Amino acid sequence: MEKRTAVIGWIVAAGIIAVVVFGTGCIEEKEPAPPEMTTLNIGYQPSTHQIAAMLAHEKGWWERDLARFGIEKVTMKEFPSGPPEMHAMLSGDLDIAYVGVAPPIAAMYEGLDAKIVAGVQTQGSAIVVRPELADEYKRKGALSLKGKKIATFPPGSIQHTILSKWLLDNGIDPEKDVDIKAMGPSDAATAIGAKTVDAVFLPSPTPTIIEEEGKGVIVEWSGSMWPNHACCCLVASGRMIREHPEMLKQIIKTHINATEYEIAHPDEAAEIYAKWENANVATIKHSINATDMRWIHDPRLEIESGIEYAKVIYELNKDRYESKGIKVLEAEDIFDTRFYDEVTGKR
Amino acid sequence: MNHKLEIRNLTKTFNTEEGELKALDNVSIEVKPAEFLCIIGPSGCGKTTLLRMIAGLEHPSSGEIILDGKEVKGPSPDRGMVFQEFSLFPWRTVIKNVTFGLEIQGIGREERYRIAEKYIELVGLKGFENRYPYELSGGMKQRVAIARALATDPAILLMDEPFGSVDAQTRNALQEELLEIWKRTKKTILFVTHSVDEAVYLADRVAVMSARPGSLIKCLDIDIPRPRKRTSVEANMFREQLLMLLSIERSKASISV
Amino acid sequence: MKLPGKDMWLWTVPLAIALLLWEFIAGYVVRDPLLLPRFSAVIFSIYALRGVLISDILVSLLHFGIGLGLAFAAALPLAIAMGWSRSIFKAIDPIIEVLRPIPPLAWIPLAMVWFHLTHYAAGFIIFIGAFFPILLDSYTGFRDVPRVLVETGKVLGCIRDRKLIKYVAFPYALPFIATGTRVGMGVGWMCVVAAEMFGVSDSGLGYRLFQKFYFLHQMDYVVAYMLVLGLVALCLDRLFRHFVEDRLFKWKRGIVK
């Protein structure tokens, strides 16, 4: 009796194994999507750093410029910060991403097939402390943050990387001397208001919004923590680079147009952002005036910072990368300036 | 003579969804000390209700129940009860079941165990003190229930068809053991049963109840000397008498639906 | 023919086959460590993470302990009240039935506002997960105490409710409480990741899985921690069964089996 049950059990197990093996084999058989592309997926974050993306969409430029490549629909996907955005790109859900320079580098260490093809913006993040702590910061500077809770973007983001490096430069251990909590911009704004955290380090416009609500005081801009550091960039998936080079060049062209437009019309840019993110127009205009961010489009302006980020991220995860034989990423692993050069005639 | 238990004009009416249900109608009985009284009657005649009221689990609509000269108000260990269903606490061993009532009274551990062992031996279960109820047969369970009820030294022992759930042979054995226990403890026992055979074998006196609403029809003195033979001529005579009384009551019940 | 330890083959061999299958499919069919890390990579990850693994497990167990302890302390008195008194049950049950289906995760925003980023915020989510299973099974236990046991308690001297609950209802309900606790433990542990993913602490299995491994796309570490979460749950369950259920509830064996 027992023997029969065991035999039946083995047959069932063998059957399941066969189904699984053939099933996964079939999944592998499926080729990557045919060269015909009708939808473009663009990732972005709710920050004034990336108004170019919103502006181009608002004015219909994406769809207008890409229609001749067969694109019928351009989908904009919003993410609270870079790391989740890169996680989506890793799964193939994004073709283009407006994102900080650090998250794609962290993702490339884990195998992301993509390159930075254009610049978007430099600097533009700020440390905001609770109003009661502003005086202490004026007196002691960075050291006043020892033992405090600071909210910023998750590990692998520009903000986390810059904050960590700046703390280290000031003799503060980011793992032991401060309590860094990772969250998205709106969670962090709520947290500082509820006094759950003592300080936040976030990209514009959130610092200005917090200050205008009386919940915090801006004490440091990222440009003084790491001068001219690269912040946001334009990332293209490996597939776009290999299979749709002409479309990619047009995307960069459209991005350049949007960037030039926003530089020339900051108030209109503020209005578009306010409409997209349901924010107060006056506050956004104020933020764009107060911030130290610079909208750019040349990827070369970001290469130096990019290499630094690659080193910092490598240091933070040294044990893991070394054990896997992963090396520090170099400029050519991260950036691909060919398309920008062709579009702008620089050679 | 002082009666052990007096039941005077006991009436019980239940309020049900269908209206009022009269279970007992003006029942009066007197029980002598150390008497073995059986109560017998057709189904639904209220004999269980009567026993439960004596135990204090139901309240009379009118009438009194007087035990040792004092009126009965609610349940108490001075009226021990053995139910028809198996009622041992399954999480307690035999000896812990038997000591239950003593534990509630706050009696010390050594004293409790001493008393309990005495009664466990009395019901013939010496050696089974640390067994759990699930390890016992039906007959053994009821024997433990009897020991448990006796351990608190009640003034009167109430038994509601205690042997109804066991097979016929075990039943006969338990009846003999019960008589033995009764002889040794000299307790007053009120025993409700369906079985005429059982009543004739066990009782000094048999109270026959009518169909619902139950009232007392007749009290029969069973004057056969003990130890009794189940199949003696006198036993048969009493059996016939009782069976006839019961069948009359049964036909009355079916007529007056 | 009976092989020695025949039962062991029944589960070790399928497990080994499953692991080999995983290794094969991950290494040779999928070939993408982001999509499906290899089993060998996951095992190596556990070794690589040995520095933080133990402290993470301990912190998660701390959150789990807080949540479970509070759930137990809150559910038990409520279960006694609801199981014992029909009117209390009718009064409170509708509120319970509305709150019960709300997923623990939906409580996270409130937890963050009430308890900020402390261990208690995490413990609260686990509390929500564990509370309802413990409550439901426990009040069922108290509600379903057989009437004959309650009446036996009464006739043996437990007159007031408090004594009946202590000596009869509670021991009867104990296995139900244990079952509910075991289920509550399972649900509560599943909430650990949700409870910790919002950064309420600096360590913990859920915290590290979400705040570190996920954001840095370290999928082999993610799967390694998933396995650890599952194994800890298995250990908790087995330990509970051995120390609580097997030891204390020998007497239920007779009833269930």
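Each chain gets a letter, A, B and C, in the order it is written, and its residues are counted from 1.
Operating definition for what follows: contacts are C-beta pairs under 8 Å (C-beta built on N, C-alpha and C of every residue); 3 or more make two chains touch, one makes a residue touch a chain.
Everything quoted here is computed from the prediction, not taken from an experiment.
Asks: If I average the CA coordinates per chain, which chain comes out farthest from subunit B?
Replies: Relative to subunit B, the chain with the farthest C-alpha centre is A.
Asks: Could you tell me which chain's Cα centre is nearest to the average position of every protein Cα atom shown?
Replies: Answer for the innermost chain: C.
Asks: Taking each chain's centre as the mean of its CA atoms, how far is subunit A from subunit B in angstrom?
Replies: So the centroids are 84 Å from each other.
Asks: Provide the C-alpha centroid distance between subunit B and subunit C, rounded to the nearest whole angstrom.
Replies: Those two chain centres are 49 Å apart.
Asks: Using mean CA coordinates as chain centres, what's the subunit A-subunit C distance in Å?
Replies: 37
Asks: Quick check: in the complex, which residue numbers of subunit A touch subunit C?
Replies: 2, 6, 9, 13, 17, 20-21, 24-25, 28, 83-84, 86-87, 90-91, 106-107, 110-112, 149, 154-157, 179, 181-183, 191, 194, 196-197, 317, 319-320, 323
Asks: Can you list the residues on subunit C that touch subunit B in the complex?
Replies: 148-149, 151-152, 154-159, 163, 167-168, 171-172, 174, 250-255
Asks: Which subunit C residues qualify as touching subunit A in the complex?
Replies: Residue list for subunit C touching subunit A: 6, 10, 14, 17, 21, 25, 29-30, 32-34, 44, 48, 112-113, 116-117, 198-199, 202, 211-212, 214-219, 221.
Asks: State the interface residues of subunit B toward subunit C in the complex, per the touch definition above.
Replies: These residues of subunit B touch subunit C: 55-57, 74-77, 79-81, 83, 85-87, 89-92, 100-101, 103-105, 132-135, 148-149, 152.
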